[in-house]
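You will see subunit A twice below: alongside subunit B first, and alongside subunit C after that.
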Partner chain A sequence: MTLPVKLSAFEAALAEQLPAGDLRAELEGRGLPHRRVEDWKWSDLRTALARLPAEAGELTLTMSRAPDARRPLMGAPDQIMARLAAALGGQAQVYDLHNGETVTLDASVAAGAGHGAVVVRARDGVHAVVRERYSAAPGAMLNLNVHYAISPRAHLTRIIEQDASPDAVIVVTTTMDLSQRAHAAQTTLGFGAKLARLETNISHGGQGASLEMNGAYLVGEGLHLDQTGIVRHTGPGGTTRELFKGAAAHGGRGVFQGKIHVERAAQKTDAKMNHRGLLLDGRSEIDAKPELEIYADDVVCAHGNALGAMDAAALFYMRQRGLSEPRARALLTRSFLAEPLERLSDEAVREALMARLQTALEGMS
Partner chain B sequence: MAAVKETIEDVRRLEADKYKYGFSTDIEQEYAPKGLSEDIVRFISAKKNEPQWMLDWRLDAYRRWLKMDEPVWANVNYPRIDYQDAYYYAAPKDAAKYKSLDEVPPEILETYKKLGIPLREAEVLLGVEGAEATTAAEARERPRVAVDAVFDSVSVATTFKAELTKAGVIFMSISDALQEYPELVRRYLGSVVPPTDNYFATLNSAVFSDGSFVYVPPGVRCPMELSTYFRMNAQGTGQFERTLIIADKGAYVSYLEGCTAPMRDENQLHAAVVELVLLDDAEIKYSTVQNWWPGDAEGKGGVYNFVTKRADCRGRNSKVSWTQVETGSAITWKYPSCVLRGDNSQGEFYSIAVTNGRQQADTGTKMIHLGRNTRSRIIAKGISAGRSDQTYRGLVSVHAKAEGARNFTQCDSLLIGDQCGAHTVPYIEAKTPHATLEHEATTSKLSEDQLFYARQRGLDEETAVALLVNGFCREVLQELPMEFAVEAQALLKVSLEGSVG
Partner chain C sequence: MLEIKNLHARVNPEEGEALAILKGVDLKVPAGEVHAIMGPNGCGKSTLSYVLAGHDGYEVTDGALVFEGADIGALAPEERAARGLFLSFQYPVEIPGVPTLTFLKEAANAQRRARGEAEVSAPDFIKLARENAAKLGISSEMLKRPVNVGFSGGEKKRMEIFQALMLAPKFLILDETDSGLDIDALKVVAEGVNALRSPDRGMLVITHYQRLLDYLKPDVVHVMAAGRIVETGGPDLALTLESQGYEKYAGAAA
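After this line comes the complex of A and B, so read on.
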């Protein structure tokens, strides 16, 4: 017995832009994801968008080079936001990565709700880097659907920066097909929005394929960042390593939802997932759900999660050495958050991300 | 059959009269007719001669239940339950199931032997005619275990009653408590698990048949461990059990629920509610061993066990400890929880869940930290074998005022065979920086090396597996009271039979 929902002005405007069909019917029937929907339990998108002006906007994609092609893209049936992005964002821009290149991709929305879709392909044996950056102006919504196809022996490095975007909503839904013997390393640095959700769904082919997913986040006043990562091991002998670390201060909220799914065929999977959260004051909140769903017996899977406060002894030590309390706190937070970023092999990128983190920390204290 | 028919007629008649004269209480039928309606709720209440407020409470729950949806979020699959195709009231049966031990199927006796249950005790558990009187005398010799007073056909209960009365402890069936201590029941019933709590708890609130009631007065340390051990068997398993335990200021009680013996039951649907209330400095230790019929090899006919268990640590410095060994049921849906409201209160959850065959279990705990310096500890060990699926689902929530809260969670899963599944779904919510929450989980299979080593020492494969599994579960087994710990180890071995080789 599901009661029909009363659509907000925002949802109604969104539905109006859609052609008649399943997606429109679904949106009209259920509305946007909200906290009663298990996958969105801690990120109430419906409420966050309800007070946003219900006008159509435009998503601006600034890229380091022109796309190789354009084609329509679909979203998985259970990903309504990705489907909306594909339906309302026009044709997806398709990139075929060249060996050794770095592509940069800036997505932003200045006003209204902007949707878009991007496809990135790394062909057999290609080594390449993609740097993505997302931001939205106050009152705007960015909704992006990103699809990665990584062929055997390809090697992808993906770096994501999500700018602090107060009073904006950012949703980026990524699907990634990681073929056998391919390698992908993703690093995220995020600062949140009124509500920001960076969702990554990876189909992991195993057979020597390896995946690294690292992320650091710092959320301050009025900011919310949800990092959701679902890794589905479909073939045997795959490796996954995840490390996420985050800090919340001045009423910020961090959400981490990680899931490692090992199918029956994915024997000898080796997967580890770790999340560490630091709560810097009594108004902030961090919620975590590190899940394992395992159907194969010969696997080594583990996850760890720890939430807590700053080490009082370390703080005391630094104060003894003559550092002011805000400075000592900033230093300790920085060193705590640095770990996932330090796993980046490219030194210049690593330094750039560390510098951004440093600036954000200084702005906060 | 005649009795059933008569009941149907009775109810029909009442329907026609629209309760003009209320219920007569001299109905002697064993079963209420199939199905669930307000009439059935009234029938149950009347059967138990309950006060008006209790009937209203049940009816209110029933009306709410009608408006609720059955939860679907658990990682279990079963055909849709037809709630109208079940009996909601069955009077205690006196008739013995077997005339003598010779009639008991040999494979059942074999299981009992493996579990180390003495033949005399097996007779009682199986309901062999005349068994109770002889074992009652034996039971009197078991020094520190008291059984629920519902088992009043035998003198076991009265033996302990004197000692409990001396200590001021009230231990009786909840139906009796409603007659003798209505104010106490009224004050606490539903105060931990409100009738609106969830689908199955609401259903239980409407139709609960019976259960235990325990009240331990201030400063009293209950002189013995309380147990439902015999009661469950003498009466057939309680289909909609309702247990309420209150530990007043500074009181202590240890309660044992269930039985290691395999429990066959014609009632497929079980929805129990257990409420624990702890006032200042009180402590409750609640241990469960559950081994209900898991169904045949294809998983057909097994018991559905949908349980709501919650402890409310209302007082300062109170402590509650849940320990459970779950090996039975086709479907388990169970999350014993602790609401840590009082400052410095403590919650513990130790669990072993074994699934084999086609069993499915979605179980775990909730630790809700509301008070300052509250502490909780979760140790969950899951063993999946055969074609079974098992999920640990747990919540640790720390509210803004719970300064100094601490939680440690460890859930380990062991997979035996490549057709089973083990899943971990922890939810962790922190709203204060003055708390420390740690969570660890691992999933692995039985170590080939260890198995090989044990086999080299001359152990057969099943014994070797049992040994390793016992080692895997050691942290939980040592939390069980002595009586249970030994039996639980044997139970683990029996439960995993046929899972290797």
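After this line comes the complex of A and C, so read on.
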């Protein structure tokens, strides 16, 4: 037994809102995740939150249409943030996607700590798009629990935009059940927060199911974005393709933790994961941990990870032609980050995300 | 127009000691003239072109760079470009994800803004691009590709001169523009360069071969060895070098 930790005012306020029970006991016993917890070693949530005002807030969900139902949601036992979101966020908004529709979910918190939960199902054969957007005002915390259930032959496109949220904390924990023969394509464009963590846990059923997970991020001064993705192949013959590219500038920090876990039953899995980071100056930081954990013997799995600085020769070449240094940097950064976004099949969405990236780059230089 | 006075420059590598490369270069190119620089591998020709263009990987330890009466030694590369200095790179750099014409239009307008001139309109720019591409035998497909990406060595050199035509600089530094070009391409590219010759424009042409000079007909030929100009003469000097090589300058390293 370890001794209970000394809770911060923020943690104590959270605990007080919880009914007596396992979750409260766990929070009081261990506190929130911090850097000595392996999965959070680069994202010290506990410290980030200890500096926020300890007040309850409200998570505002603005949706393109009313949900189909509401029901309580749980979180996986090892996901304390998802459990807190479910316990303190009231009933989950449940969406049953209609074929061909696009649903937009805009989650934000204006002040204090706001929690919420959303469930999205794509039933057999349904093709649909969900666009999510997260932001939090300075001093606020957004904690969201999202669950996707994707039935056989369903086809989900998920697009996530995480707005730069200085002095705020954003935690979104997603679990996704990808059934056999289902398809999901997730694309994230994130700009970080004082601490932002977008965690995606996918159970991949295989049997022709395919997953695409792409993301671009740009973190500037005082911003931190952690993208953690765990894909667990449970059935044979599944495909996964991941491409994440990110840039950090002016002391910003990016974290990529990607894991592909192939269970013994998941023979013939074909999975590739790639992360590439661009450090725009010496003050910035990107930490990456790509991992493969494979228990099946007949699989094709690969991962790659590379961190680098701006190409000095290209920069000089562009400046020799007359471009200012900030402009040359912005163009090179944009072209570096474009690749994951270019994989979006919907041209309008692709252009919209590229435009947001462009605006962010212009604001940064 | 361009005056290089007693220029000394060195590199400060991340590892190892500083290395002096330019050891007192003196050179004057008046407006309207074309000067050639020839010299053995490693004597500092490309370094001189980089230093002229303002590359921050080289440290100027002595001397001065005067362009049109102004000391440009402290200017950033883009400021020198806006004043009209253009470097055709010995090794043009690939810039993935940035389409050639987008890049050039942005460069042209950045230069114009810096000079207080009106920006060029998109239709005018496209029209000019078509004309210049036709002169150099460059297809419209090539112009759509990202800058230099996937081009052969010769195609890159052709694109450098296309860029020069588009930007119409006052002063061109051509660093081995002829290397990599086939015989026909060399002629086409040389014609492109000659089209830029004018009484108010100067050129510094770095080359190893007589063939390009046959087309460009330089007014003056300089020999560079061990970081200095060791001999200056007329067009005949290039012919002498062609037959005799650089052996007689070997002592210049001292």
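Please note the rule applied: the second predicted complex is superposed on the first by the 363 of 365 C-alpha atoms of A that agree within 3 Å, B and C clash if a C-alpha of one lies under 4 Å from a C-alpha of the other, contacts with A are read in each partner's own complex, and residues count from 1 in each chain.
By definition in this document, a contact is a pair of C-beta atoms (placed from the backbone, for glycine too) under 8 Å apart; a residue touches a chain by one contact, two chains touch by 3 or more.
What you see is a predicted model, and the numbers here were worked out from it, not measured in a lab.
In the superposition on chain A, contact is made by A:R264 with subunit B only, not with subunit C. In the overlay built on the shared chain, the residue A:R334 is in contact with subunit C alone; subunit B does not reach it. Of the two partner chains placed around the shared chain by superposition, neither subunit B nor subunit C is touched by A:M74.
When the shared chain is aligned, no partner comes close enough to touch A:A13: not subunit B, not subunit C. In the superposition on chain A, A:A137 makes contact with neither subunit B nor subunit C. Counting the residues of subunit A that each partner touches, subunit B and subunit C differ, and the larger count belongs to B. When the two structures are aligned on the shared chain, A:V300 is found in touch with subunit B, with no touch to subunit C.
Once chain A of one complex is fitted onto chain A of the other, the partner contacts of A:L292 are limited to subunit B, with no touch recorded for subunit C. Partner subunit A is touched in their complex by these residues of subunit B: 69, 73, 400, 413, 415-445.
Considering their complex, residues 311-314, 316-325, 327, 331-332, 334-336, 338-339 of subunit A touch subunit C. Of all residues in subunit C, those touching subunit A in their complex are 53-57, 76-78, 80-82, 86-87, 89, 92-98, 103-104, 106-108, 110-111, 114, 146, 163, 167.
Considering their complex, residues 1, 38, 42, 264, 267, 277-310 of subunit A touch subunit B.
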